[in-house]
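Listed after this line are the structures, all set down as C-alpha cells.
The same chain A turns up in both complexes below, where it pairs with chain B and then with chain C.
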Partner chain A sequence: MLTVDTIAVKRGSKLALQNIAFTLAAGKTLAVVGESGAGKSTLIAAILGFLKPIQGQIAWSGQPVRSCRPALVMQEPRAAFNPVLPLRRSVLEPVVAAGQSVPEARIKRLCDGLEIKEEILERRPNEVSIGQAQRVGILRALIAAPPLVLFDEPLSALDAVTQKHTARLIRDLQAEEGFAALIVTHDLGYAVAHSDEIAVLRAGQIEEISTPQQFVTAPKAGYCQALRDAAIALGGLEAAA
Partner chain B sequence: MVSGSTVTKLALRVSDLSAMRSGRTILYPTSLNIAPAERIGIVGSSGSGKSTFGHALIDDLRRQGHSVAQVPQSPDEALDPLRSMAFHWQEAERALGLKPGTADREALFATLKIEKGDMRKRPWGWSRGMQQRFVIAMALIGAPDLIVLDEPTSALDPVVAAATMQLLDQHLTEQNIAMVLITHDLGLASKWVSKLAVMQDGHLVEEAATQDILNTPQTKAAQSLVAHRNWMALPC
Partner chain C sequence: MSKTLFGLLLRTLVVLAGTAFLTFALLWNAPGDPAAAIAMARFDALLSQEVIDQVREEVGLNTSFWPAFWSWLGPLLCFDFGNSAVTGRPVWPDLWGAMTYTFPLAFAGLMIGLGVALPLAIFAAKRPGRLSDRIAVAIASLGAAIPAYWLGLLLILLFAVQLGWLPAMGARTPAHAILPALTLGLGVAASLTRIIRSGILEARGQAFLPAIQRRGVPEAAIGRDHIAPHAAIPVITVFGLELAFLLEGAVLVEVIFGRPGLGTFLVSAIAARDFPQVQAVVLLTALVFVVSNLIIDLLYRLIDPRIGERDA
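The block that comes next holds the complex of A and B.
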C-alpha cells in the first residue's frame, strides 16, 4: 500500500504541495485531477523520490517507494522513448536494469493484453502511431511487474475513441496484475469511469477525496463543483439524473 | 476584407477541396456549405483528415474574399514568445488593414473576460488560459464571417475551457459569426454545434444535424464516435 502521510513539498522557494495525505491499496486506482500548476506533477515527482518532502513521509508498505520499483507512464508516448532505438530495446530497459532475464512469455502476454502486434516492437518510436506508442509505453511500465504504476496524463495525446479503448486495456491488465494505479488526468470523465477514488488538487492542497459517484452527484461546493459542471459543459460527463 | 456585423452575411461554400502530402492523398475532394452563423463540427479520429480539411477550407474561403479567422490548438502556435502581447494585437490589426488601436480591444477583452492582462508582457507572462482567450480575441477583431477552431480547449483546464467556450458561444451568437469546430471529441462537439461532418481516411463520410448523428449514426466512423463520445456510456 502507498501511504502519503501529510507531506509538504517545496519547489525552489515556493510551497508546491502541503497537507497531502492519502493511501492507495494494491489493485486500486486513485485519480488525481486539478488545474495546471495545482501540483499534480510535483506529487508524482515526490512519490518517485525525485523531490524530497520537507515535511511528512511517503512509503510503500513501510519501505521507501523506490524499493518497490514503481513505474511511470508519461503523457507524450513518442517522446518517452529513445528515438533511435527499436521499441523493444526501450521496453526491456526496466528488466535489463534489474539484471533479470528477458521475460519472453510475459512480453507476449502483455502484448496480447495491450493489443500490440509484437513485430511493431522492432520499429522506432516515430514509425508507429501515437496510440500504438502509448500502448508500448504501458507495456514498458508493466514489464517488470511493478506493484505501483503512476500514469501522468496517459490518454491526453490520444483521440477520443483510442482513449477509451486504452483505458479499458489498462483496467483489464490491472485486474489481472493487481498493481496500484495513480492516474493524473484533467479528464474528469476518465477519472469518474475508471477510478476508485478521485482526489481534487488545487493550489498544492487536496480539496476533496471522494468516490466517483460522490463526485458526480454531490461534489464539494466551490472548486470541485465548478470542475464537475465544466466537465458536463464540455461533454466529458453526463449530468447526474 | 473586413465586414461589419451589420452587413448581411452570405452563405459560405467550399467545393471539391483535396490535398496531397508526399504523393499520398490525405484529403479526397470534399465540399461543405456553411450557412450564416451556422455552427459545424468537423469530427473524426487522429489522422482522419479533419485538420487538413480545416486548413484547406480556410485557404479557399479567404481566396473567395471571405474574412475567416483561425484559432490553433495551442496558443504556442499563435504567439511569438519574444514579442509582447501589444505587438501581437497590433500585428493582427495591421493584417486586417486597421490602424493600430482602432479595434475595440476593451470590448473584446470584456467579452472574453480577459482581466488584468499586462499587454507589455510576453505570452509566457500570461497564464495559458488567458493566452488562448487572447488568441480568440485577436481572431474576433473585425467580426469575421467565420471562425475556425482546431481543438480549442485541449490545452486548457476544464473550468477555463468551459468558461471560454461559453463566452465565445455568446459572442458568436450576438455577432452572427459562423463557427467550425474541429475536434476528435464528439462529446465536446455535440455540446456546441448544430451540424456535424464526420471525417474518415481523408473522406467526409457523413454530414447531418448533430442530434441525427447522435441518435442514428449511419457510417462505421460515426457509430464508433457516438459509441465512444462519453466515458459513462461505455460498459467497463
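The block that comes next holds the complex of A and C.
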C-alpha cells in the first residue's frame, strides 16, 4: 500500500505541495485531478523520490517507495524513450537491470493485452505512432510486474479514439496484474470512469478525496463543484458517468 | 551506409581540391616578388635582377597562373609534393621530419587535455551549482583565459628556472616534450572541461530518464547507456575543433620552446615564399582536418543512427 502521510514539498523556494495525505491499496486506482500548476507532476516527482518532502513521509508498505521499483508512464509517449535505442531495449531495461532473463512469454502476453505487434519493438520511438509509443510505454512500465504504477497524463497526447482504447487497456491489465495505479490527469471524464477514488488538487493542496460517484453527484461546494460543473458543461462527464 | 561513406569521401575530396586551389591562388597573388624572396632565402644576400630572373625561371614562376598551378597539381596527384624552391631538396622528407616532432606533441597535448578535462568535468557535474562545481568551472575558465604563450613562459619559469626539474628549450629528449605538451594540453583541457560538463548536465536532463531511474537500473548503466552517448556528441564536435587549436597551438608552442616542427617549417617556408613547402603544410593540415571530420561524422552515426538516416 502506498501511504502519503501529510507531506509538504518545495520546488525551489516555493511551497508546491502541502498537507497531502492519502493511501492507495494494491489493485486500486487513485486519480489526481486539478488544473495546470496545481502540483500534480510535483506529487509524482515526490512519490518517485526525485523531490524530497520537507515534511511528512511517503512509503510503500512501510519501506521507501523506490524499494518497490515503481513504474512511470509519461505524458509524451515518444519522449519517454531514449530516441537512439530500439524500443525493445528500452522495454527490457528494468528486467535486464534486475538480472532476469528476457520474459518472452510475458512480453507476448502484454503485447497481446496492449494490442501491440511485437515487430514494432524493433523500431525506434520516432518510427512508431504516438498511440503505439504510449502502449509500448505501458508495456515497459508493466514488464517487471511492479506493484505501483504512476501514470502522468497518460492519455493527453493521444487522439480521442486512442484515448478511450488505451484507458480500457490500462484498466484490463490492472484487473489482471493487480498493481496500484496513481493516475494524474486533467481529464475528469477519464478520472470518473476509470478510478476508485478521485483526489482534487488545487494550489498544492487536496480539496477533496471522494469516489467518482460522490464527485459527480455531490462534490464539495466551491472549487470541486465548479470543476464538476465545468466538466459537465463541456460534455466530458455524461459519457463517463 | 556505403552511400553515406561515398558522400563523405566526395566531400573530403572537394575540400582538399578547394584548399589546394585557394592556397596556390593566395600565394601566387600575395604582394611582393616571390622570386626575390626565394633568391634572398637561397643566397642570404641582396641580389641583382639577373639572378632573381634566373630563379624565377628555375622555379617556374615565369609562366602564368594556370600553367603553374597545373604543373604543381599534376605531380601532387601522385603524392609528389615536389622540391623546395629554396634548398632544392624534396619537400616530403623535410615535412615528414617536422611532422615527427609536431604530431606526437599535439597527440600528447590532446591526451593531457582529455585526461584533465574528463575527471574534472565529471566531478563538477556531480553537484551542479555547488562549490565543487564552481571551483572546477573557475579553473576551466582561467585555463581558457590564459594564452598559450603566457602559460608556456609561466611553466618554463616554474619547472625549468625555479625548480630545475625539466628542460626549457629544444627537443633532444622526451623530457623536452613535457612542458610544451602541458602548455598545449592545459589549453585543451580548459575548453573540453566546460563542454563535457554541460554535455553531462544536458544528458542528465533528458525527458525519458525519470521513467527508468526508479526501476532498479543501476546508475552506472544509466550513465553508460543513456548519459555518456548523449553527452559525447558535443564533446566529439569540440574535439574536432580542438585539433585546429592544437595545430595552431603547436606552431606557437614550438616557437616558445625552441622546438623544430611544422611551426618553424611553415614560418620559414612562408618567409621564403617557398611555394611547394607552404602548399605541402597547408594541404597536410587540411587533410588532418577533413580526415578528423570524416571520423567525427562516422562517430556521430555510430552513436546516433538517426543522423545517418536523416542524411540518406
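Operating definition for what follows: the second predicted complex is superposed on the first by the 238 of 241 C-alpha atoms of A that agree within 3 Å, B and C clash if a C-alpha of one lies under 4 Å from a C-alpha of the other, contacts with A are read in each partner's own complex, and residues count from 1 in each chain.
Note that a residue touches a chain if its C-beta (ideal position, glycine included) is under 8 Å from a C-beta of that chain, and two chains touch if they have at least 3 such contacts.
This structure is a prediction, so every number in the text was calculated from the model and none was measured.
Judged by the touch definition given at the top, the superposed model places A:N82 against chain C, while chain B stays out of reach. Look at A:A97: by the touch rule set out above, it reaches chain C but stays clear of chain B.
Contact with chain B, but none with chain C, is seen for A:A233 once the two complexes are overlaid on the shared chain.
In the overlay built on the shared chain, the residue A:R171 is in contact with chain B alone; chain C does not reach it.
On chain A, the positions that touch chain C within their shared complex are 45, 48-50, 65-66, 69-74, 76, 79-85, 90, 93-94, 97-98, 124, 126, 137, 140-141, 144, 146. Residue ranges of chain A in contact with chain B, taken from their complex: 35-36, 129-131, 156, 158-165, 167-168, 171, 186-190, 192-194, 223, 226-227, 229-231, 233-238. Contact residues of chain C toward chain A in the complex are 206-208, 210-218, 221, 225-226, 229, 303-306.
Against chain A, in their complex, chain B makes its touches with residues 45-47, 128, 153-154, 157-163, 165-166, 184-191, 224-225, 228-234, 236.
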